[in-house]
Amino acid sequence: MSKRKKLRSDIAWSDASKIVVRGHNLVELIGTTSLGDFAFLELTNRLPTPEESTVFDAIVVVLVEHGLTPSAIASRMTYLGSPEALQAAVAAGLLGIGDRFGGPSEEVAKMLQNAMTGGGEDINAMAADIVAGKRNAGRPVPGLGHPIHRPTDPRTKRLFEVAADNGFSGRYVSLMNAVSEEASRAFGRALPVNATGAIGAIASELGFEWRVCRGLAVIARSIGLVAHILEEDREPLAPEIWSRVDEEATEHMRSETTDERD
Amino acid sequence: MSKRKKLRSDIAWSDASKIVVRGHNLVELIGTTSLGDFAFLELTNRLPTPEESTVFDAIVVVLVEHGLTPSAIASRMTYLGSPEALQAAVAAGLLGIGDRFGGPSEEVAKMLQNAMTGGGEDINAMAADIVAGKRNAGRPVPGLGHPIHRPTDPRTKRLFEVAADNGFSGRYVSLMNAVSEEASRAFGRALPVNATGAIGAIASELGFEWRVCRGLAVIARSIGLVAHILEEDREPLAPEIWSRVDEEATEHMRSETTDERD
Amino acid sequence: MSKRKKLRSDIAWSDASKIVVRGHNLVELIGTTSLGDFAFLELTNRLPTPEESTVFDAIVVVLVEHGLTPSAIASRMTYLGSPEALQAAVAAGLLGIGDRFGGPSEEVAKMLQNAMTGGGEDINAMAADIVAGKRNAGRPVPGLGHPIHRPTDPRTKRLFEVAADNGFSGRYVSLMNAVSEEASRAFGRALPVNATGAIGAIASELGFEWRVCRGLAVIARSIGLVAHILEEDREPLAPEIWSRVDEEATEHMRSETTDERD
Amino acid sequence: MSKRKKLRSDIAWSDASKIVVRGHNLVELIGTTSLGDFAFLELTNRLPTPEESTVFDAIVVVLVEHGLTPSAIASRMTYLGSPEALQAAVAAGLLGIGDRFGGPSEEVAKMLQNAMTGGGEDINAMAADIVAGKRNAGRPVPGLGHPIHRPTDPRTKRLFEVAADNGFSGRYVSLMNAVSEEASRAFGRALPVNATGAIGAIASELGFEWRVCRGLAVIARSIGLVAHILEEDREPLAPEIWSRVDEEATEHMRSETTDERD
């Protein structure tokens, strides 16, 4: 028989009279702890300071709602087919929060954290290394520029203000700004920090491992997707999108067939 | 060509310089609005009062973390196979927040809201109708009793206190308590209100349509699942669970084969 | 410590030199067993006869591809966001194969199987009971009529022919046809058996429990969804659908804002 | 208004009397086309030759069932929570067919196809390049060795036989075998081709783009997962796994608490 490794989790336990989450009696948290603070506790194993609480809520709030995204459309389409399972419609939407939409803030945080653990002291030198590395690999620098929000992303300034007001504008924020300056110079066009870049930098200031960033996007988006599904339940878009897409995309095959019949 | 129905969504929009969510300029919400309040805004189209904020956070917080549930195990198993896609592991876990784990608070809220819109005045008569209806259908009354938390669910008392302290202990809470008393009498054993029952009643006090309750469970659980996946990343349980389950469940087929060989 | 229930599964096992699936040495099945026959083995614990094989493949083949369905659109949207995880895009599409699109053949099979286990002998009496039951409940009879395929669903005739040619046109097929006649009379308009109705009846002839029908839809659709994702990878539709839907659905909010500015 | 790109899909269309899939009238395929051949048609836009049919079925059949994998456990866990939505349980299982379990055959095919399009003629030189590349990157060569099937994977020999018997043992199979020999030499231990390696090579022989391989795994596994869910419905494993895992993994927290109370 195989040697067994003891199973062990340190998150929560309960018995007949007690529920303990991250070392806290759940009952004592009810009514005193906000949803954001509870999320911070779950992710870090301790409750946040008031400053951490404000900054954490700020970055997660930005990720909740981005309008009729591919993810929201996928949720609405799924709800049309499986009205019995709202959880499936939310899950379908979350499945699109990957490399393209949930990944970038993760990528920013990883880029900044790797640079920082590289042990250098000079922020500008790190920024130059980062930009050169991406440029040589023919890849864009994550966290810069935006297809719609031009010339600057209105969220960035506010996120950096909130971080600074609460003591979280340190080396990661400096490095992100230095990367923006360096990239603008290297690529010869304005590449300001976007919301994703700000979130990746601020999450790093809060001490979150880069991997957490995709998780924050997933948590936040689950809220937005529930809102979209509830709206879909009252005023459906999915049937109309379905019929328009199907009609237009298959039109050429119908007419070819008609021609053949002539 | 087919008649077209105009597509319309009232949740959010953005242009080059502005992002508007539920009629609010997003930038003005960053740093001033908690995650729970932003979720309330998304779901109800307005920011909560301080009392609503406290009560909303209280019921959602309770739903975040229930330990090594089937849902958490499914997430951990999925992360083992698809480490590239944390969003897929969260989604896999959420897919189990259905009729059995996400459904009960929805069922409670539906039961209470249907009774109330029935238009009666007498809470006790409504409770008697509800219990008789479930009893005749041979179905349990949702929101009562608990397999582990005995004799009473420690969360219920605290949730009802927080609701009362903030002015949300009205007719739905009364009806839920009346259902508990009536069911205890009818079934001849103590059937106290559990956390699910309290959440269904309090969500109704807050004005949420019953359908929202499953959504609240999904939102809350997404936080807990990210925490489980991050722990799984550092201290994996999935490989050990896999090998134990596979070994034990297929043992009888191996030994049958060995017998045949003799 | 809790009493333990032995874990036991009878599907498959393997050791260093052997893989056994449903009692068969996998290596002996490779190159001799078709995909459909292997699926039949997985679901029923035995290989099909040639007739069962033909009929099984016939009903599953019909479920593979229905064009640009909500499910296919959800897959394509998800692939846009998570190109790293094709499995997530397939899963998102499958999540829409629920009560509305995967459920009907399940519902037909359940309806026919419940009627048959009711023990009656008279097919027409059973049909009358079924139709009266649905009518009294104000619900449509599943498996009849079609919004597009009029006056008749071209798949039905062929599916019933294949079933008859292979000895699977028995009491379930008769009952489904009797339900169609009875419903047409009762509702005063032609309600021919559609593909879903034929599949539910033929799956019952093959001895499948009704619950399997939704599973057949899920299996078949996974093939179609992979085809859609591969096409999406080469000729993407998702970005265009996204921009059109977002633009049209949020237009009214933009113009309201413009008005305010004037 | 934005310029519109025409939506176009070439997979399927239907009207009142006809359903056309990949240029074929669906009704003519019912009863004449096996599930595997229909899948081949969906993925390649043409029906297979008899030889292609045999080889395609052979590689997909191998991917259907691997026993109580993490994926099967995730499906069973999800079904416990959401019995109303079998599609969600299948989807949860498929979400684990990623980089670790669905990825390797994809990785093999990509490795072989990239080497071949590199334009060389000498198989051994290509193999040496591949192995050196992986070795320098400190990464294992995909498609070689197996943790359980030792010394050789019993599926490999049979898969290569079926491929050879049907004329699909060409340059990709040769390259895969050369990679195995080269890697065994370079790493100083036997590294025979495993089933994944054989599938990646044979899929390449069939002309499939590497990306299709993960899709084949997803298609095949959906069959196996439905079988596991049907067994779970009759003989549940999930509740027992849940209670064992939760009890063992949280034991240390319970006893710490007891100590504190003393």
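By written order: A, B, C and D. Residues from 1 in each chain.
Just so it is clear, a residue touches a chain if its C-beta (ideal position, glycine included) is under 8 Å from a C-beta of that chain, and two chains touch if they have at least 3 such contacts.
Quick caveat: nothing in here was measured; it's all calculated off a predicted structure.
Student: Are the interface residues of subunit C and subunit D largely the same numbers on each copy, more than half shared, or largely different?
Tutor: On the two sides of the subunit D and subunit C interface, the residue numbers are mostly the same, over half being shared.
Student: Taking contacts as defined above, which has more of them, B-D or B-C?
Tutor: Between B-D and B-C, the larger count of C-beta pairs in contact belongs to B-D.
Student: Quick check: how many Å separate the C-alpha centres of subunit B and subunit C?
Tutor: 29
Student: Report, in whole Å, the distance between the mean C-alpha point of subunit C and the mean C-alpha point of subunit D.
Tutor: Computed value for the inter-centroid distance: 22 Å.
Student: Starting from the mean Cα coordinates of subunit B and subunit D, work out the distance between those two points in Å.
Tutor: 35
Student: Give me the residues of subunit D that touch two or more other chains.
Tutor: Within subunit D, residues 7-10, 12-13, 15, 67-68, 82, 84-85, 87-88, 91-92, 95-98, 102, 237, 241, 245, 249-250 contact more than one other chain.
Student: Touching residues of subunit A toward subunit C in the complex: what are they?
Tutor: For subunit A paired with subunit C, touching residues are 67-71, 73-74, 77-78, 80-85, 88-89, 91-92, 95-102, 237-238, 241-242, 245-246, 249-250.
Student: Within their complex, state which residues of subunit C touch subunit B.
Tutor: 6-10, 12-13, 15, 20, 82, 84-85, 87-88, 91, 95, 245, 248-250, 252-254, 257
Student: Can you check the complex and tell me which residues of subunit C touch subunit D?
Tutor: Those in contact with subunit D are residues 1-2, 4-5, 7-19, 21, 26-27, 29-31, 33-36, 38-39, 42-43, 53-54, 56-58, 60-62, 64-68, 85-88, 90-92, 94-98, 102, 148-150, 154-155, 158-159, 161-162, 165, 209, 211-212, 214-216, 218-220, 222-224, 226-231, 233, 235, 237, 240-241, 243-244, 247.
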